[in-house]
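Quick one: the structure is below, and I'll ask about it shortly.
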């Protein structure tokens, strides 16, 4: 037990230590050293995660660590404690694994930035909070991590803080997340009220005990599930709270890869998976989740079709993929969602890092219309990105194929319309990914001469993580092959449902697989025709018209939100400030003024005529004497 | 309750009292109604003398003497001086509005009625006057009381008079600074 | 040794400061405030060891008023807050030069004395005297050493003074009425025992409410707040927002609720709703403020609204959360106002529109300011989260919609605070030079941040300290 | 020594004082000349003094008379200061009608 505690603390505190070192001494340590410290800190966590993983797989038992009492509430006792079970260790593995790769990558990528030590300190802090989120033994510890990663996301999106647009994006991300956080918090309250605990294990027992009683208060559960899902929406960028994620691309590319593609945005899925026993009891909410997931994936994919900023394309693709994961969650296929989370983390991180490599090579150019023909200049980047694109498009035997196929298959078994939506989104994904590939890497370079002159492959610190991720993106699917899923077995203890609900491979399944593959290839083909054969380049901003314009402007959702929420609140604020505040103030001063007025009138009584005073004085004296002596 | 004195069988003392009371009230009225302030002052002196007579009647000889010295002597001289200093005479009489007179008369009547009613209502013990036979008002006794029990107020009274004197001097001094 | 020692130290300190002359005043004041802090820590130890540190002396025979200082956990927690913040506040003012500083620092210590007395007094009239006594120093501090146009300042400060004084008079009336009922005694135990009809309770409750609602302030009684915060010198603002507001909130728990429990239960929803309305209203108004201090004032309005709502839930969680949040808010708001002061020292302005681009010039200051901002928006891991979570939880137990509406503070709070932070600190490097924090300033910040973070993860000492006395109060409330 | 009141009766003194006192009040109200007003006040004071002495006899106690001494001292002081004020008012305003003294107007 002692050993476990130490291990868990080592796991959590190493990145935090890295954060502290970089905050306090980073500047004096120099760029490379500070980067190295950051990387090593995460790498140690990764090693610990591997150790823990071994321990879990061998014993099959979860490790519980309780540190101390944190918050006392009358019917709840909230510890600061950790729960290391299959799910959290799995998450740890790819969080710290990909995290260390991205740290490594950042050493080179951010080398020219004067605040690199800050960058690494924030990244370390992020890893710290992400680990806390994942291994918390109760919902409130999860909430620490949940808000903490939001904070790091804020810091990192606004890393180049001289640009107020970036700061706006950061602020938007934080606030959007906070809307979700409120939902999560309310969900926590409801669960706390219902279960009298926030600890996962106790909650599980409590809910199952009370579910058998099926009393009236059971209606709280769906409500709680819905609130929790709102929280997940915020963090995992689902409709209606997704708009922050594309804006979050304002941050440095490694951040986009780590936080806004691979790890933080999957926190919502983690939470839903973690609380699967709650969601399982709320079927209506599950349907809502599935529908929202499907719609999100479709909407984001359509927007992704026409974006020209390379990172924006990837961002919408992330939203779309997250939508697919929620689709799976909605059907209760948690292991499938988890599977896709993992494969997605691999290929999406690789894609982002690749795009980062491209941007790095072009000195900050992100517009795909000014790229092209980079294949020769950047072969490693090209190939790794190609592999990842194939994976995300669902080309057979790459990791994405298996995971996406599982999702669609699940969808097919539950709801045909949602399956169709998901499939269309997948086809679109294939299309825009290859649109990206063709525009970026093929044909002639469309940028300036000077950029062309400087084109070069990035350094090994950048390419090594790319290669590793590409390998993972290729073979990641092996952990859960259809019919013989290691992942399902591994995760089985977590879920109430028997893990044996795997689809045994029948004709339907093969047909579906075929359809998916054909769809993916179709998307690729269209992209090939349009952007390779016909040599199209997306029009410049002002020439975009029609549907494309709506898509290019993201359905004007930002504008709509602005008009519906932000502007009214600001107007209200102005109204309160200018009218209500002054009104209230005038009211108080008014009281004073009324007193003044009365006094002013009363002043006239004081005519100064002594005769009158004396007369009244005598009358008063008479009155008093009569009262005292006569009024009995 | 109010018993009319029996004039036929009145004792000397009673006659003297009635006479003095009559003079007191009449001169008091005349003080108020005289148009000339000097006349008022003269009537007031007479009033004070008659009150001194009452004191004598009540066997308070020392008080009567002090009263004459202070009131009839000091205070009235002060009044007369002031009047003469200002050279006041009937010319200075301002016309009194009727309402003032009416108000004065009304309140006079009112307060008389109220006070007398109270007096009647309160049913004082009348007619049982004991005489302890002790000497309670000779100069000797008064002096002892004044300088034993009432030592402190007595001293304060002297301070008061001193302060009044200083104040008066300061007030009546012509302010040269302002002019 | 009993609690009166703290009061004596502070009172002597106030005079010693005044007589020490302008040069030494600030140091003497700091010394005495630290002594008071040390003394309260020693007392805390004694209290935890089970010693009796209360004091009851007959004071005035007719009417029966005792000099009664009762230190239970709740009172001690508040005293500690006051004792810990006073040196921080005094220390934070070291960068400024005040004319006639001996009077200035003397008044600060005197105010600390009065506020500590308020937290300790367990006799109605004594409490009232301390309560009003605390008002006098801040009146002078704001009036004499404040900033901005003298005439406007006078207007704002006089409004504040008369407004709060007027509110307190209702409380005094209530106390006199209560003591009539309690056979002339003003002692809190006797007042607790008074049996009142529902109607009487309603009026007593209302009278107390007026006094506290103005002091806290709860909308719509807050109109004095923003102006006074803006006009007062920052030290005054810190004293007001850090400690003095808490007098009102503390009094709600200590006096109002247990004395009129029936009314508190009857009208619970109304008062919770008022508190929450304050949360939303304050947050929304804060969105469009141009003056840094005014913005912080409205944010403070929002936070105390939540605390008040928590107190009025009459649950252990609500009260506990309220007290925790009081302490947390005390520290964070002092820190934030200090940050505003630090900016003012360098740029001579608090207009948000004229600021910006400070971050590049002063990384340390930015980090500390950001931590305070985040604590203010109750990020988990800071003390404020513990308080806010507990309060919101208690609200959710009353009615989930209260929690939802009160919870908007975490969204709106983030909105206005980050917006402020963005426009004040971030952006293109400011053309004016912004020197990073000095050592003195850094120490003040570091103390505040350390407290916020430490109790954010380990609030147990405070919870353990306050819980027994809150339970006692709840017993009184639920007695009938 | 026989008590004089056996012959006159305390009630007569009381009546006399009341009448005198009321005359004083009447004078204060009726006249506009400040000096006469002062005189009226003296009449009122004397009325009370008379009553004091009468009651002193009634109770056979000297304290009443002692009180009269004090009241005389006060009256003397009052008159002295009051008249001085009047003189200075007269110097400034040229009149001592109380109708002209309206500085108390609010």
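Some points to look at:
Order as written gives the chain letters A, B, C and D; numbering starts at 1 within each chain.
By our rule, a contact is a pair of C-beta atoms (placed from the backbone, for glycine too) under 8 Å apart; a residue touches a chain by one contact, two chains touch by 3 or more.
Model, not experiment: these values are computed from the prediction.
Number of steps on the shortest path from subunit C to subunit D, with steps defined by chain touch: 2.
Here the chain at the heart of the structure, going by C-alpha means, is C. Remark: subunit A and subunit C have CA centroids separated by 36 Å (rounded to whole angstrom). For the pair subunit A and subunit D, the distance between C-alpha centroids works out to 96 Å. Subunit B and subunit C have CA centres that are 66 Å apart. Rounded to whole angstrom, the centroid-to-centroid distance between subunit B and subunit D, based on C-alpha atoms, equals 5 Å. Touching of two or more other chains is recorded for residues 100, 103-104, 107, 111, 115 of subunit B.
Across the assembly, subunit C contributes no residue in contact with two or more other chains. Annotation for subunit A: residues touching 2 or more other chains are 611, 615, 618. If the chains shown are joined wherever they touch, the resulting network has some other arrangement, not a path, ring, star or complete graph. Looking at which chains touch one another, you get A-B, A-C, A-D, B-D.
Residue ranges of subunit B in contact with subunit D, taken from their complex: 1-3, 5, 11, 13-14, 17, 21, 24-25, 28-29, 31-32, 37, 40-41, 44, 47-48, 51, 54-55, 57-60, 63, 66-67, 70-71, 74-75, 78-79, 82-83, 85-86, 88, 92-94, 96, 100-101, 103-105, 107-108, 111-112, 115-116, 119, 124, 126-127, 129-134, 136-137, 141-142, 145-146, 149-150, 153-154, 157, 160-161, 163-165, 167-168, 171-172, 174. On the subunit A side of its complex with subunit D, the touching residues are 602-611, 613-615, 618. The touching residues of subunit B, counted against subunit A in their complex, run 100, 103-104, 107, 110-111, 114-115, 117-118, 121-122. In the complex of the two chains, the subunit D residues touching subunit A come out as 25, 28-29, 32, 98-99, 101-106. Taken in their complex, subunit C has these residues touching subunit A: 159, 162-163, 220, 222-224, 226-227, 281, 284-289, 315-317, 320, 357, 359-360, 363, 367, 374, 379-381, 386, 389-390, 392-393, 396-397, 400, 403-404, 407-408, 410-411, 414-415, 418-419, 422, 425-429, 457-460, 463, 467.
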